[in-house]
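In what follows, structures are represented as structure tokens.
Two complexes are shown next, each including subunit A; its partner changes from subunit B in the first to subunit C in the second.
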Partner chain A sequence: MALPAPPDVPSIPPPTRTPLFEGSTQFRNWRFSQQQLHATRVSLNRSAVTAIRNTFEADLPGSSSDIQFLESKEELLLVKLYVTKISQLCGHFRFPEEVEATGISYLKRFYLKNTVMDWHPKNVMLTALFLATKTTNNPISLEAYTSNIPRTSASDVLDLEFLVAQSLAFEFAIWHAHRALWGLWLDVQDLPNAPNRDDLQKYYDTAVQHVRTSRLTDAELIYPPSQIALACLSLADSDLAATWARAKGAESVLQIIPSIKDMILQDGQVPSVEVVREIDRRLKVCKNPEKVVGSKAYLAKKEKEEREAESKRAKKAEGVRKAMEDGDPFGDELNGAATAIAALDDDD
Partner chain B sequence: MDAVEKANAARQRRWTKDQKVGEGTYAVVYRGREAATGRRVAIKKLKVGQFKDGLDMSAIREVKYLRELRHPNVIELLDVFSSKTNLNLVLEFLDSELEAIIKDRTLVFLPADIKSWIAMTFRGLEYCHRNFVLHRDLKPNNLLIASDGQLKLADFGLARDFADPGYKMTCQVITRWYRPPELLFGSRYYSTAVDIWSVGCIFAELMLRTPYLPGESDMDQLKTIFRALGTPAEEDWPVRPPRTASDDTLADVHALQGHTKLPDYVPVGQFPKTPLRDLFTAASADTLNLLGKCLVYEPRKRISAKEALNHPYFSALPYPSHPSKLPKCAAQLASAKVLEEVNGNVDPVGQGPGVKAAPPKRAKRKLSDDDISRNIARKLDFS
Partner chain C sequence: MSGASRSNVGGWLRGTTIRKGATPSTTRSATPQVQSTSSTVFGGGVKDASGRTSEFFSMDDQCPVCKSDRYLNPKLRLLVSSCYHKMCESCIDRLFTLGPAPCPICNKILRKLAFIPQTFEDLVVEKEVAVRRKIAKEFNKRREDFPDLRSYNDYLEEVEDITFNLINDIDIPQTEARIAAYRKENASLIERNLQREEAYAQALKEHEEAEKRERQLRADELRRAEEEERDAREGERRALIDTLAQSDADAGRLVARSKAEAQKRAAARTSAAAHAVQASSALLLRSRAAQGAAVPDVPHVAIQDDWYAYEDMFTLRPSYFDPASDAVRRDREGIMRAGGYRVEEAWERALRSAVAGLDLPPLVGLAAGQGDGDVVMASV
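Let's look at the complex of A and B:
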């Protein structure tokens, strides 16, 4: 029998335990509503179109008028196709599932900060996957990686590595639905009245396939991995998923499950190659000329950057020289200042 | 400029570099400030462009884990930005580190001080282990001390997530003097227990004021361990044969062998087991009980960080010193520390004294005015 606490003793609330997942960068920074995802993509697409149009016009007025720029949903289709390419490559290299899932998450997150008109997903995909091998502790040498992928050089992968890492905000840790499903698999084997082992194995294998399908969708950007895993188990056997949720006292989660299931079933289709090929053909025309190595706009941009860097270096050198000239050769406090400036590296 | 580049430039502007305080093969460390507030920070600039495989693993590990971990006893990564081909980590600025404090002979440690440092170490470590992260390089100079006395785990360049059962990990981790015997014998399947052994070594070092198990080579390290703790018999340290990832049979799970079956096992001689009491003459029974549990040969029987925090040692008198009352070294050793951290060496640079830990000169504590005030302060804090 719980007695009410005497009034003069402040009742101490029981310590609340926050789930570990809620401390992760994935929970804090990479969860969105469907509306947010849509708005982000549309606005990225719009600003890219505006910027590229301006670049074209600067080069030759009127030249952008008949260009058919990509829409955000077309960009998304192209990215989706490259998600499937990651899976193919991982099969080829026999990478563990964690590498595949991480590479795919990186690719999707990258295109929440960038557009395909600036950076074509082919090389971004290669870089995202290479980065994933390292962040998941399955490193392979760049040489071994590129030599096994046709028409790929080391610079195709490395040139973008910094950009990809930056776009991910250096948040490399990913919580995956397939791990959550593994936890469910261990749990359901302990349920009272659990189905027999063969059936369980069959449900699990089916659920794993659904998790793989879910990687083609936005599910991981909207729902936590545990809910995606439960939805996949529910797609394999809805009774088993419901029994598990009741056994855990988590019936409320079952309300969310149908919308995840719908998303996996509707959006989990591999895009048709013809459609994507057509998008890619149009992309050749409308991609940002500043990013095309060797183009006029690219060279102009490089030259501007070089000029800025040069004037910065000159300013710094002047500062050092002045400090040296003013100082006594046998050393006074000004020499200290000179060395302090010299100690800072070139690129600061 | 792209949105991503803009965001990076904005981050870069938040921090200013003041002074270079150390340079190593892979990194340069600057003392810096947050431009808006003047808050002191350390900026660790990793040279990335030089690696043929791009961003290197230790940079990736450090960034990956410090991005996720947030705890009073783990160093805080405030920001990350890139400049050209360099990766810049903005870390909270910490004055000192435990090795410098141990070496500062002008400082006297009370048992309560040691208890406080070890408690903070276990707290930080329990948090890492709770998040499935193995640190794999615990040693006094990776335990940094903030100006308020808080101890913080740092240098996550060798950290990794727990491997799944059946997946191998490298045994070439942890600085030799703090490396547990299972790694010296080449075990590729190991656990959080490797970090606990390191804490045990640090615990002993705090009492002895000199490294407890300073081996001169990997082979000598085993000898040094066995000389101090006795050579284990086969049944003292049984080993479960590893299951391969594909192996689903449960039949041989309970088949245990001895540690002599570990991959790199070599006999290093028979040494008798001597009680810890013989070396740690002034330590309380609780202290030696916890120390002994950190230095158990069989990794699965070694105490966990969580169990350690519930050990009677921490609730017995004397209570741990308040962090602000802990001994501090007078010298600003921050620059020396960052230099060493930059090198990120797995093996200790020097060979060390190579002596068996001698019983400490346990000079009788003189009760100076300062000590009296510290005791009063402690009473005020905890009564």
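Let's look at the complex of A and C:
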């Protein structure tokens, strides 16, 4: 809360104060318009298809002509299915809601920077959830985690961990709609003619279900959590939600709410397994061969990386040798001329 | 000591005779000591903070000269010669009682008094410690004695060089000559630095003693105050009994009155005592502060951020109907709140999150907003 202001400073807050939510990374880096989301996914899909096609062609010319690549819509459907898988896993592990919501957000954000054809969601999902247990302070040991999921080894989870964290730009903190709903529900009790406890409980339970459904949609990438929570409450009891919004002096939000409600009702369906299975079957053919361990393209890429690393090492060794020749490396560097060596020693 | 001219090179390394600690303690935690079995007082060795010499001791000890070991002679005590060879006390008595004699291992001439107790298991370490201590006594120049860092580093380099040579027996005569030359050149400086160090050590000791005295004084004061209080209480009790015996007033009232008086007096006493203790500890604090005056004490400035936390958008009620937090609130022993968890804070956070960005319009169109959509494929 606000600290008591020192006496010589006027206690009226300056008008430039930024709201807390607008300082969050969620607002700054993970808030999009529907059009932006669409454009991002399409362009990601397009560039991935081009890259994979080139790889296939380099391997065997003409081999890519009869491959049916995934479209961005199909990718999204696949991701959506794995979002439901996270919920199932969380139910199995009895993780708190916070972990579930965080893991799902990570998965969705990851696929705004990567495509399904490069990284299959079945692995990314495990990593995202494991990462979420750690970032939300509900840690579980890796052994306990993998031993409870069939056909999973520790490396499946850990291999992608850095990649996922990097794709999230290490922005792990997330403002969740379910917390906003909790606060909203508490605050509703402050209204002059608040409903009785049984009704309150009923509305809350319904609204929580809607919040869970909203995780299948893009809502959290477009709207702030408070609005999603209000929309979910509005789905449970629209009068109560409207009364509360008016009491808060935020009538403008009532124009936004219907679109969120529509989104939850329309996009909140769990994708049919048959459709997704078909997508997954096609994905087996068109996934990026550079990421399939053992394939020709994979080996070629590894070799190329090795060559680059080798040349870098050689360059560094050369630099060190030169520094040795120029003079005693420990002798004449007292006056701050040691920067040359320091510059060579950047990462590896 | 001009060892360079003598035939037994490295002679200056001979340990000077330092008196052993007055009370040879029987055991020390790390390195067990054995009591000396001989009447000879051996000096040297490394002393610990309390001024005692701790000795190395092992069940596998064996005298290399007479081959007697701890199994045969449980009181076996091995000492180290100035050429860093071990032998037992009885061998030393046998070989060196009649005056200087050659070492049975390396033939260097040794004296009985130059044997020192062993502190470290590794004799190389023993030797290194001795050499370094010796060297430090004379090569005691400081950074201030040099015009620039370069020359100071050169000096340190030279000292290290000499030390290394002595430890590893490389070019002993030349090294001795170097030391002698240095000593001649810097005699006055060495003397001055020695005095400086002594003065510093003296000041430190004096200060410590003053502090100790101060503490002692305070403890005495407290004890005296306590004693006085006990006496006073005793007196009151006796007076009460006397009055009860002599007067015919109501016993209950008398007891109550005396109790009240006693309480008043006790309060006065404690406040006086606290005053005295406070005064003396304030003195101590002042003296400490005077020492620490070199480090400026920057006043703490709290973080002044200008975030708007939606304070005007909600009011936190003292309690809510909230089944989710029932368990925590009903937890009488406070086990769930042990880590500092407060339901009120969780509520406040939730409320804040319920009103955060409530009137934020959604982004529209392709124009990159704050998000800037830096879509890059992450690569491994």
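Here, the second predicted complex is superposed on the first by the 310 of 348 C-alpha atoms of A that agree within 3 Å, B and C clash if a C-alpha of one lies under 4 Å from a C-alpha of the other, contacts with A are read in each partner's own complex, and residues count from 1 in each chain.
As a working rule, contacts are C-beta pairs under 8 Å (C-beta built on N, C-alpha and C of every residue); 3 or more make two chains touch, one makes a residue touch a chain.
The model shown is predicted, which means the values in this text are computed figures rather than measured ones.
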item: Clash-or-fit label for the pair subunit B, subunit C on subunit A; value: clash
item: First, second, both or neither for A:Phe56, with subunit B first and subunit C second; value: neither
item: First (subunit B), second (subunit C), both or neither touched by A:Gln166; value: both
item: Which of subunit B and subunit C A:Tyr106 touches, first, second, both or neither; value: neither
item: Contacts of A:Lys134 with subunit B and subunit C, given as first, second, both or neither; value: first
item: First, second, both or neither for A:Leu142, with subunit B first and subunit C second; value: first
item: Partner chain in contact with A:Leu158 - subunit B first, subunit C second, else both or neither; value: first
item: Subunit C versus subunit B, contacts on subunit A by residue; value: C
item: Contacts of A:Gln227 with subunit B and subunit C, given as first, second, both or neither; value: second
item: First (subunit B), second (subunit C), both or neither touched by A:Leu184; value: second
item: Partner chain(s) touched by A:Tyr82 [first = subunit B, second = subunit C, both, neither]; value: neither
item: Stretch of subunit B, among 240-248, 294-302, 348-356 or 366-374, that runs into subunit C once the two complexes are superposed; value: 240-248
item: Subunit A positions touched by subunit B in one structure and by subunit C in the second; value: 20, 23, 44, 47, 113-114, 118, 162-163, 166-167
item: Partner subunit C, residues of subunit A touching it in the complex; value: 1-3, 13-14, 16-23, 27-33, 35-36, 39-40, 43-44, 47-48, 112-115, 118, 162-163, 166-167, 175-176, 179-184, 186-187, 189-190, 197, 200-201, 222-227, 229-230, 245, 248, 250, 252-253, 256, 259, 334
item: Complex interface listing, subunit C residues touching subunit A; value: 149-150, 153, 302, 306-311, 313-315, 317, 320-324, 347, 349-366, 368-373, 375-378, 380
item: Residues of subunit A touching subunit B in the complex; value: 20, 23-25, 44, 47, 113-114, 118, 130-131, 134-135, 137, 139, 141-143, 154, 157-158, 161-163, 165-167, 169-173, 340, 343-345, 347-348
item: In the complex with subunit A, residue positions of subunit B that touch it; value: 2-5, 7-8, 17, 19-20, 28, 45, 48, 52-55, 57, 60, 63-65, 67-68, 70, 80, 82-87, 130-131, 160-161
